[in-house]
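Written below as structure tokens is the structure these notes are about.
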Amino acid sequence: MNLDPYLPLAIVLSSALPGVLIFLLGEDSYRLRTALNMFGALLKIVLVGWMIWGVFHGHVYESRLTLMPGLELVLSADALSVLFVALSTVLWLVTTIYAIGYLEHSPNRSRFFGFFSLCVSATVGIALAGNLMTFVVFYEILTLATYPLVAHRGTPDADHGAKVYLAYTMSGGVLLFVGAVWLQTLVGQLAFTQGGLLGAAPEALHGQFIVIFFLLLAGLGVKAALVPLHGWLPQAMIAPAPVSALLHAVAVVKAGAFGIVRVVYDVYGVEFAHDLGLLTVLGVLAATTIIYGSIKALSQDGLKKRLAYSTVSQVSYIALGASVLGPIATIGGLVHLVHQGIMKITLFFCAGNYAETLGVHRVSEMNGVGRRMPWTTLAFTVGALGMIGIPPVAGFVTKWYLGLGAASAGAYWVIGVLLVSSLLNAAYFLPILYRAWFRPPPEHWPKEPVLSKRLETAPSLLWPPVVTALLAVIAGLLAAAPFSPLEWATLIAEREYGR
Amino acid sequence: MLDPLALAVALPLLGALLVTMLPGWSRTLGMLTALATTGVALWLTVTVWSGEGLRSDLGGWGVPLGIGLRADGLAAALVAMANLVALAISINATGYFGAAESSRKFWPLWLLLWTALNGLFLAADLFNLYVMLELLGLSAAALGALTGTREAAEANLRYLLVGLLGSMTYLLGVALLYTAYGVLDLELVAEALTPGPVAWSALALMIGGLLLKSALFPLHFWLPPAHANAPAPVSAALSALVVKAAVYLVLRLWLDLFDGIATLPAAMLLGLLGAGAVLWGSWRALRAERLKLLAAYSTVAQIGYLFLFLPLLTAAPDGDTRERLLTALVLLALTHGFAKAGFFLAAGLVQKSTGHDRIRELGGAAQSLPAATFTIGLAGVALIGLPPSGTFFAKWVLVGQAIALGQWWWALVAMAGTLLAAAYVFRVLARAFNREPTPKCFLTDPRTEIPALLLAALSALAVGLAAQPIAVLLGAGV
Amino acid sequence: MSHEILLTQLLYGGAGILFFLLGVWSFISHEPLWRKLIALNIMGAGVFHVLVAVAYRGLDAPPDPVPHALVLTGIVVAVSATALALAFGRRLDREAPEHTSDAHGGVDDREDGTHA
Amino acid sequence: MSSSNPQALLIPLLLAAIGALLFWAFWSGLTGHEGERLAALALERVPESGASNPVTSVLLNFRAYDTLLELAVLLAALLGIWSLGPAAAPYQRASLLLDSLVGWVVPMLIIAGGYLLWIGGQAPGGAFQAGALLGAAGVTLALSGRPNAGLPGEAWLRVLAALGTLVFALIGLTLMGVGLGFLTYPPALAKALILTIETGATLSIGATLAAAFLGGRPRAKRNAEP
């Protein structure tokens, strides 16, 4: 029996079904819940590994459900989706381990882990969506699954943050919906196609295509936190650290950026989008966001808020890569999808560790944390240096390719943006590192529960950031190795440009 | 030779008579009847789905002398939904009313209401429809007043009177049609009907009367108090099924009887009222202070969506487009039926455990009843129109066809309604997140919670993905 | 069709339509329950008039039994509805409105349209 | 009703316009129709129906389904009335003179009802007219101060109220069970079946109307009446 048509579906369900079961568990079933979580995460890794192997060898995996003629839900695997799937699967495993430790004594864990699993299922669904409608379906499910995570703490702040989040994402969702439906009435079912599928449409439709692009961009830009649609992101910081990690590195923000990449490359086609003048708009928006986010980050004292604005800025590198015509910039943007994820999740894990272990929430409280928590701070340092773009951490590779791509496309202003943003990155990260390593620690930390006898903090909190920091270094050092993110992004770019 | 059409009406009637005579056995007999009737309804649906439209001539006289029953895809789809919902409501009611005195009052009236629903969906005779409408209206008003409060009595009296006004108006239309065409069978009248004063008057009278019963804005004023003050299982039936039955009849008459008589401007008018219902109903739901009142206004809005389809259906060319629109319309109606019933049953649980349903003071209740909160959440997904609920795909078709047919303004209405619905649903759900102690288990009272949860899960997860079988069902039949 | 028959039908049926409209007018312009109820019964009588008029086929031919049967059925249905409505009215008369307990439920409910 | 209100004028005007339209429709319906409507067909098949009165044929045979459900409507009304609260306080016991008159009238009404039931097969009459007379007998008893209007206690009253519909439905279902179809009477048995159904219906209608007149839940205790 050929199981290939069921593989994409199985990958989505491998986290969704455990999620549903977890909801039904009693609050005290700690072991069963952990077992379900780990089972789902590991099973997903195995399935994704199988899929990567298959896609590399040219297998076609496609699950399809027809609703009405011309209305189909399609999950399929191409090189781009595999990139995103692999990222979210690996980081989900790490985050789950982290979250189990982080939430050990907090209430409502069944609800939390249930939605956590649904959130990843939705992300994987977004990655595997084979047409625009399927993408919208999972994109909206993601909104739904993340709302309870943001509201999880139940404080007035959490309530407010969740409402803001919802207001932004629901409005964006409606715009995306209208754009997608409109496009479908013009050109029929929108299966994602390498090289795009609008280029062949009659010229009379071009005007509508431009309007639709803005509708889609508005819908996707909300989640991708493009300025001026980024307002929800700093508010959503109120969520528990694993959620922030997930929102910023894997799920929400990345889903928006991934959507922009899909629309530019596989719906419009990058060359057609360029011809319509849409890439310039996207590039300007992305550049503005990069600079704006970095400047805002400078003045934040709350560590997570500073990281949030850093996310606003960093995610737009992906959109920036998509807005420059030419394969090299494309590679830079795509690879940043992965690199930013690994690095940013490291930073959020570390921020969570400081908060849980020492009660440190602000940059101004971080004096000397490096001596108290050397491993965590080392991981944080790797993440921060990567964000600035210092070799050999992965962030350097991104900026190198983006700069090279811009130069070869003649878009020299992009290089300027990269330079300014790197300087700003340094300006808001280096002081933190300085404080952490070189300032003397205070006599008493704000709080100091004993989480571990031998280690600096609980093991399930310590290992995840160390592992992801290591991954960030490996992704940078071994960028040229087969199956590295860079190689995979190159494969995608080759297919997009039809070489 | 068993006839599923007649059985679907006769079984619940028989059950109603038995529980009237043996009130001490009402729960047992009632549940047996509910199971048997649902079984027959599903058998009927599967039969139609497998390609045979059903028709039977009661009394063996045949039309035009006798009365016929028939089931095409549209009828079968609604019968299946209505009976599944009714079964869930029945199970919930065994827990909700318990063995108390109110249980004895509930069961016979409830089974009569069920009789009327099935009879109405399957009727093929215009006068018989009038009798069914009255049976539905009377039993619904009596059930709605079972809470015994003054508000409930007042609201349901108004509901009864408005319903009577609607059915009298409908009946005058039938009388005119009989005057001109001398038959009462729906198909025979439809064959004979030609444009002219009789057809137009009958259209206005019959559709107008039914609009009153389907609570289309601005004729919705009676609905919110009646639905909000009834006992929860009854509210569920009223909102999910009874109003839906009237809308079904509007659709049936519009598409089958007055096809070719109903003009685009008339359809536009109904669409406009539907748009008003979507916006006004959602707005009032957003402002409602009580959970059940919120749900009732949400019904007003959801009914409005169904009427947005009429101008599109009327403007659409026959064939593919029309079939897709009809599928989407039915998808929306079914999803709303399941969702709203689940919502009301869950609201009933909340009300029972806290003694009130004021949204602002819900706080702890929402968190200590995870199953009820989940039900409201899942039903909310369907009411907003988030995927993978049927509403989402229905709106996809609605918006798409609105753009394709050049009536893009309906798309704006649908999207505004979506945002308003998100606002009123999450206004409730936000109450579920607070610092109250963690509930120990998911279920607290399985007999009342599981039916509600299953209904909501069906609406949010299953109906939308089953669009294709539903399309097959609609394409089948007479 | 003879003129005598048509004329009788028009007169009798026309009166039915008149009754019906009088009922509608009374229903929408009078608030008290019992007036609305009488209005509904007059509307019903009007519709039944129309049906009886249609059934008439002249003095020398038996009338059409079908509309007669419909009218009989209709009368029983109308009686049932009237009885239930009267019982509702009695239920409301039995206790004066409570202003105390659940105030805002009531206010909120009534806001759009007790006027009907 | 203030007449200064513009609405007060507008509504009658509007209704008059609607009336004109309806009258036009009615006129064109009457004149535009060539055939016999259902009259000829119905009259032609009366002999097969088991009743020689055409209206009874329609009510209990051709359109028996309508009648079955109409009985259900009546039952729904009664159940609704019961669910709304207890019966009203009984009337004052009648004076001797009135009481003896009632003792006369009630048996007369019952006999007349029986006659109407029987004659319904051939001439105007039938279950509804007969039931109405029985109901009137109950009303008379109630007005003369019998708190239960001559009806049995709740348990038996419930049986009595549902009986007619039950007999009707069971006959329909049995006929379906033996392969004839729901409510399809075999011609040979039609007359007997119709009479059975009408007898049950008469009792139920009479009991229901009288119980409805009492206006509320029946008393728990059995209160036998002469």
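Each chain carries a letter (A, B, C and D) given by its place in the written order, and its residues are counted from 1.
The criterion applied here is as follows: a contact is a pair of C-beta atoms (placed from the backbone, for glycine too) under 8 Å apart; a residue touches a chain by one contact, two chains touch by 3 or more.
Quick caveat: nothing in here was measured; it's all calculated off a predicted structure.
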Inset, instruction - State which chains count as neighbours of chain B and simultaneously of chain D. - result: C
Inset, instruction - Indicate, using Cα centroids, the chain positioned nearest the centre of all protein chains shown. - result: B
Inset, instruction - Provide the C-alpha centroid distance between chain B and chain C, rounded to the nearest whole angstrom. - result: 26
Legend entry - Between chain D and chain A, distance of the C-alpha-averaged centres to the nearest whole Å: 72
Legend entry - Intercentroid distance (Cα basis), chain D paired with chain C, Å: 17
Legend entry - Distance between the centres, which are taken as Cα means, of chain C and chain A, whole angstrom: 66
Legend entry - Junction residues of chain B - those touching two or more other chains: 127, 131, 134, 138, 141-142, 145, 153, 172, 176, 178-179, 184
Inset, instruction - Would you pick out the residues of chain C that each touch at least 2 other chains? - result: 13, 17, 20, 24, 50, 54, 66, 70, 73, 77, 80-81, 84, 88, 91
Inset, instruction - Any two chains that touch count here, so list every such pair. - result: A-B, B-C, B-D, C-D
Legend entry - chain D to chain C touching residues, read off their complex: 1, 8, 11-12, 15-16, 18-19, 22-23, 26-27, 30-31, 36-39, 42-43, 46, 54-55, 57-59, 62-63, 66-67, 70, 73-74, 76-78, 80-81, 84-85, 88, 128, 205, 209, 212, 215-216
Inset, instruction - Using the touch rule from the top, collect the residues of chain B that touch chain C in their complex. - result: 127, 130-131, 134, 137-138, 141-142, 145, 149-151, 153-158, 160-162, 164-165, 168, 171-172, 175-176, 178-179, 184, 221-222, 224-225, 228-229, 284, 288-290, 293, 358
Legend entry - chain B contact footprint on chain C (complex, rising order): 13, 17, 20, 23-24, 27, 33, 36-37, 40, 43-44, 46-47, 50-51, 54, 66-67, 70, 73-74, 77, 80-81, 84-85, 88-89, 91-92, 95, 97-98, 102, 104-106, 108-110, 112-114, 116
Inset, instruction - In the complex, go through chain D and note every residue touching chain B. - result: 21-22, 24-26, 28-30, 32-33, 35-38, 41-42, 45, 61-66, 68-70, 72-73, 75-77, 79-80, 82-84, 158-159, 161-162, 165-166, 169-170, 172-173, 176-177, 179-185
Legend entry - chain B to chain A touching residues, read off their complex: 320, 324, 327-328, 367, 370, 374, 381, 386-388, 392-393, 395-397, 399-401, 403-404, 411, 415, 418-419, 422, 426, 430, 433-442, 464-465, 467-468, 471
